[in-house]
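Order as written gives the chain letters A, B, C, D, E, F, G and H; numbering starts at 1 within each chain.
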Amino acid sequence: MHSQILFDHGRAARIGLPEAVFCEGKSFEAICELLERFGPKGERSILFTRLASDIFARVPEKISAGYDYDAVSRTAYASGLAPKKTATVAIVSAGTADAFVSHEAARTLSYLGIPFELFEDCGVAGLWRLTEKLEAINACGCVIVVAGLDAALASVLGGLTPKPIFAVPTSVGYGMACEGHAALASMLVSCAPGIGVLNIDNGYGAACAAARVVLQLAEQRAVAL
Amino acid sequence: MHSQILFDHGRAARIGLPEAVFCEGKSFEAICELLERFGPKGERSILFTRLASDIFARVPEKISAGYDYDAVSRTAYASGLAPKKTATVAIVSAGTADAFVSHEAARTLSYLGIPFELFEDCGVAGLWRLTEKLEAINACGCVIVVAGLDAALASVLGGLTPKPIFAVPTSVGYGMACEGHAALASMLVSCAPGIGVLNIDNGYGAACAAARVVLQLAEQRAVAL
Amino acid sequence: MHSQILFDHGRAARIGLPEAVFCEGKSFEAICELLERFGPKGERSILFTRLASDIFARVPEKISAGYDYDAVSRTAYASGLAPKKTATVAIVSAGTADAFVSHEAARTLSYLGIPFELFEDCGVAGLWRLTEKLEAINACGCVIVVAGLDAALASVLGGLTPKPIFAVPTSVGYGMACEGHAALASMLVSCAPGIGVLNIDNGYGAACAAARVVLQLAEQRAVAL
Amino acid sequence: MHSQILFDHGRAARIGLPEAVFCEGKSFEAICELLERFGPKGERSILFTRLASDIFARVPEKISAGYDYDAVSRTAYASGLAPKKTATVAIVSAGTADAFVSHEAARTLSYLGIPFELFEDCGVAGLWRLTEKLEAINACGCVIVVAGLDAALASVLGGLTPKPIFAVPTSVGYGMACEGHAALASMLVSCAPGIGVLNIDNGYGAACAAARVVLQLAEQRAVAL
Amino acid sequence: MHSQILFDHGRAARIGLPEAVFCEGKSFEAICELLERFGPKGERSILFTRLASDIFARVPEKISAGYDYDAVSRTAYASGLAPKKTATVAIVSAGTADAFVSHEAARTLSYLGIPFELFEDCGVAGLWRLTEKLEAINACGCVIVVAGLDAALASVLGGLTPKPIFAVPTSVGYGMACEGHAALASMLVSCAPGIGVLNIDNGYGAACAAARVVLQLAEQRAVAL
Amino acid sequence: MHSQILFDHGRAARIGLPEAVFCEGKSFEAICELLERFGPKGERSILFTRLASDIFARVPEKISAGYDYDAVSRTAYASGLAPKKTATVAIVSAGTADAFVSHEAARTLSYLGIPFELFEDCGVAGLWRLTEKLEAINACGCVIVVAGLDAALASVLGGLTPKPIFAVPTSVGYGMACEGHAALASMLVSCAPGIGVLNIDNGYGAACAAARVVLQLAEQRAVAL
Amino acid sequence: MHSQILFDHGRAARIGLPEAVFCEGKSFEAICELLERFGPKGERSILFTRLASDIFARVPEKISAGYDYDAVSRTAYASGLAPKKTATVAIVSAGTADAFVSHEAARTLSYLGIPFELFEDCGVAGLWRLTEKLEAINACGCVIVVAGLDAALASVLGGLTPKPIFAVPTSVGYGMACEGHAALASMLVSCAPGIGVLNIDNGYGAACAAARVVLQLAEQRAVAL
Amino acid sequence: MHSQILFDHGRAARIGLPEAVFCEGKSFEAICELLERFGPKGERSILFTRLASDIFARVPEKISAGYDYDAVSRTAYASGLAPKKTATVAIVSAGTADAFVSHEAARTLSYLGIPFELFEDCGVAGLWRLTEKLEAINACGCVIVVAGLDAALASVLGGLTPKPIFAVPTSVGYGMACEGHAALASMLVSCAPGIGVLNIDNGYGAACAAARVVLQLAEQRAVAL
């Protein structure tokens, strides 16, 4: 009962974002087949997410050779899309423990050809770390905030920036952190207004949401000129 | 131990959105005091949300007279902010049962001076109701989708529009609808990428999120020109 | 305190469906004993579900040789029941990640001798994939829909088919997907009426539910003729 | 921002079941307007569910007069659909406390013109009450089982009937009954195979699911003859 | 089966805090009986908590006359304990919506004879409101922080004060605020170390915890001198 | 900071049941030390529960040699307590998948010197398996019922026996079985009255509860004679 | 669709406990009908539970006159069963707030004709209140412990008595008390072995469980003599 | 995208407690880098928590040699802070299974230079173990109580000591222990007043909370002298 996956190739035309491959839960054989299919000699390059380093290490050299792989974000792609002239996306994270998510967002933007800047270790238990970067953050066109535990960073930053802002809770922590559900709830009930929240650990989704915004900004500007 | 509430008047300057008054849980006396304070003869007008019609009906005529009140959205304000020249926000809802949320979003945008268009009864159990409005929706600059129950509308629309999109789950339904938690979960794990999700029933927050986007679009255009 | 399992051999006579063996959680020794007991030389053939490929690989050759094993669905049986002349069951799934469930349903129908057709990759983020198969689906006598994440496919398909329809949520996804609980809730509160829902990942149960329907259809027809 | 609800009038043609009006949460004005619109002098008659007796009692006589209203099931309709020649649906409930759900199923079938038989007080704490009715139940074409608390009736009956079977958990009980969630879970993990489960208290949905089956049976028979 | 409540009169001697009466859920008759028993002419005065204003209003004048009642905190007592010479307790709250809890803490300290200072409207969406009061807060001997929603105030203040700090989540908010459970989780997983958390809305408990600290401080000082 | 565990040796005298050792989560070193301490040459023999077979296999021969170990129930003890002349305890289980719990109960009774009888595979999907054993069950002095999934066996048996009855939910199943929480809820809200429920998988506790009953029965008889 | 409830009259013969009427959720008309049916001039007297005092007050005098009603326990019956010569049941509760449950247990035992003794206000925050009653408790044949909040009383008492012991959590408390779920969990994971737990607030069930024990004790004694 | 972690070095000055390194979830490379950076030849010594023994064993000898490592508490540091002249902290635990948490608290206090005393195996199922240590516990300046399962120890001790008291639930147990959530809930709703609760297994946090108290006591005394 085997058959090739039916990709939604019209997606990029419809919504400006091409389909991606979520690797977790797929068999090793399926992953190799897809890496080959969308590799340098295959169909149009595609983004692979949640591709663990120990799995990528087992992929045959002749397939993996054509790929740009990043272990922290667990992402891979053969070649990125053409760079876009959009506003920069600020990615602000609470701690280095959140890097697997903030870097997933960063790599997704890299693949999409959208400029970004990373601001890490801005957790509010030491407020000065955030405030000294605020001006640079507010110079960007859209903000992604990544935090686990109490996710207080989202509320504090949401009260300091007028930019479109997307928040990603992370599964960092234990006990009542509840694998990121505490952070998710905090972000959804934030006392700062107008924050769009993504699923736990979904750095990819946050990048897509930010992309929708800066691509729209770019289109708007193109129309205006 | 009574004292006047300490408002965050600098908020509009910092983030482009003035503070609002959430009425639920406040005493009748406190609500009257605040309505008077921010009424036609008071401080700068402010938006009141979650102000139930049976409570507003009891407010003394001399205070309530100066207010524009809407019973479906449960919102009131003395005078809206100056109209902005921004892109239009599309508000798409699954059913009329969701009106208390979709209209809260609409009224918040009215107060902020931002243009919007309402598309109601677009639930996916009858797909034709959504598809026949798709072109008009995609002509807007930002989309708010409001749905309860399975919230499938968010996923379907998210796969059909390239615009920045914010989703608000509603507490409509019973049993496993779990007061909107089922819809919230559906939206957060949507198979369509890049959707920013708001708290259950938070039409106000969705309007603020959309406002951040279209205000940024307007600013971008202003800079470009 | 060891004793042979007491099977409910009268089940097929009472409800038309024979008892099956759920392997997860059983010891390797117990599984081997049961495979031998219901193998080619043993009692009437029986269906084994949730039999992981790494476990089946360890079963002695002389026992496993008599079995038809499928790794994706994790099912095995020595010989299927006699083919029935019933209507075809349509199995519609959202993505290939759901294959371990949709194929479990398919294999259960194979074992029961009931015809079926598989429609994979019909997720609603690309609606065209579902609509182009709708006519073929509606030509069947009963529909099984398999989806994880937001499970929006169940609602959309439920609004497009008049056939008896059973929905199986899958544990695909992370964070708020909550191991399939989000999909389960979505299906139970679907805005499309009359969908019977099965437990998370229970492809076997969906096949049994569909079998009850098409066997009843066949009996009805037999009586009519 | 008032507008008439956009009904999905094509639904009956597409899926064999017309749209219904869920009254809970709708304003009194909206309910009256809809009762008038779909009354004896209005558009094609429609089913109203979850219409509480104290609300219906306040509807103006000139509107309510044209309606057949039932207080236990909280349903109303002006005139039922044409009777169908289908198999009978058995509705089996555990106790009279479940009547608000079992009768909602019964009334929905009445409205749809489908024959049914009610078997109440069959809770398994006194098994004889179920076994003495088993033959009559198995003479029907499809079974709906309604139970709260531990919902053990679904499992016991599921092991005694070969018919298509749909189970509706009810919100009867307190404490760990968790408003029907315990019964829902019991039904979903039932040790009897092939039971399709509906949302808590959703007698309407169970009737729709059963209708899909017996209408398909009838069509099958029509084709066969 | 009526009998007088058996009070734990030795509690003050054992742990420094007398037993109190939690009124919620008690019958009106029981409350009146207890108010009389511990009134001006009765046994040693005791604190009544969760005594709603509409209930207290119905208490016969001859009983209620001897009481100091506060409607916001819903507390009453005939006469407070002797004032103690302890350090001051700072009570810091996020918003006026939290007053029913912060004032319960304040009133409990009043009754216990312990000095306190209230700092309200310090929510972090407008950080300046907290920072301008920080010096005054840090001049106290112990800090109680009261906040609902995302409870980010606890984390920010926890990173700015070296004082013993107790946090009380409040049930303010809707949707994912989950009646205070989101705030509770946030406080328990706070990125600031060493915060002791109380039950949702438990201003009384927070005052008791702070009292344990400042009474110990006072005793320590007494020993030192 | 190492120190010998302080056992509650007075427990047997106070409540008739000696303290036991729960091995899960203890280090291998600690387990070996305890096995030696309570072995043939050590202090009074004690029951070890949740002692996995792969761990017991690693215990040095000189220590393990003195022990009676059972792999299914994961229990060990050097020598049981003196046999008691009490009524027999019936242990009734739904399926062999529940054996790790039903056998834990059986082994605990063995250790305590209390007679028992095991009735396995009595799941209600095939009612005849239970009814044919009912007379033998009702001849015992106390009943333990062990079941997972929907735990319907507890309700059915509770309605058929007048004996003291204790129910143990098991963590068997997947999806909405929720690691035994569905079975636990079912047992707690059983429609059969007077069933005492134990924690999930707690066969040990059920044996202790039954022991309290039959020991009391024995004492009562001794007094009567 | 009205019909008389089908009672399980054989229950007393089968399990020694007659069926009872749970009034919550039943209509006023149904309650009156049942009170009349089982009143002094009707069928054998039966126990009514969860019958609120404001509802009983509205029952016509000619029906209610024949009943013994208790407002705290919310129970009623026309005449109790014949007194049994059994051991006494001890009912131990943590506080007077738990009286609605402990008295429900007491009244159920009264109705069943089984002797009991009530020990109230034994909460462990003042341990002396429990220890001074321990001897009297241990003189009984079976123990029911009723407690809300942390339910620590169950663990402490479970470690001090050898008697069969049943624990009932109560819904007393707020916030993390979670309507009795915290107390329920505490009782199920109690560090004292062999405690059978009932559903939240189920005083009736605890009495039935205790009745099973003392009736068995009595029967045992009868056999012995 | 690699960069050195930005530490909050001002934290000790601001709140009296230096930042620590939580190792769980960090890569092996990151842990080695940090151990080197804060080792004997590096920056000011820092506390490492949740550093599993199998990971520490793999750290190169030249780095690990400079560290004081404890396997039970999973903590390490190169050199502790200067000893403080504060009151002693009592750490009271229910059982040895809780040692990984109680010892984490102890080691954190060791590192901070604060005196403490450990009281283990004080579970309330054998009350004498607690009461015989009560005088020694009450001689300390602050109490930490560590318990899993029903956490009844917190309530009993909270009713016996007047000292500031912090409670840490542990993840010990199975089934309804819910990985420590049952213990957490019990502690938060304790019937003993004024207990500050920490996150599940957070021995580090409890030590920090206690440190805030005894450091404040010491400062108070210093001022007084």
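Keep this in mind: contacts are C-beta pairs under 8 Å (C-beta built on N, C-alpha and C of every residue); 3 or more make two chains touch, one makes a residue touch a chain.
This is a predicted model, so every value here is computed, not measured.
Under the contact definition stated at the top, the chains bordering both subunit A and subunit C are B.
For the pair subunit C and subunit H, chains touching both partners: A, F.
The mean-CA centres of subunit E and subunit H are about 27 angstrom from one another, to the nearest whole unit. Here the spacing of subunit A and subunit E, counted between their Cα centres, is 43 Å.
Per-chain Cα centroids separate subunit B from subunit G by 50 Å. Shared interface positions of subunit E, i.e. residues touching 2 or more other chains, are given as 11, 123, 125-126, 158-160, 175-177, 181, 184, 188-189, 192, 199. Under the contact rule stated at the top, the pairs of chains that touch are A-B, A-C, A-E, A-H, B-C, B-D, B-E, C-D, C-F, D-F, D-G, E-G, E-H, F-G, F-H, G-H.
The part of subunit G that touches subunit F in the complex is made up of residues 11, 14-17, 20, 87, 141-142, 158-166, 184, 188-189, 192-199, 204-205, 207-213, 215-217, 220-221, 224-225. Interface residues of subunit A facing subunit H in the complex, by the touch rule stated above, are 70, 72, 96-97, 103, 106, 118, 120-121, 123, 125-126, 128-129, 172, 174-177. Across the complex, subunit G meets subunit D through its residues 1, 3, 5-6, 8, 10-11, 22, 24-26, 30, 169, 171, 179-181, 184, 199-202. The touching residues of subunit C, when paired with subunit B in their complex, are 94-95, 123-127, 149-152, 154-156, 158-160, 173, 175-178, 181-182, 184-192.
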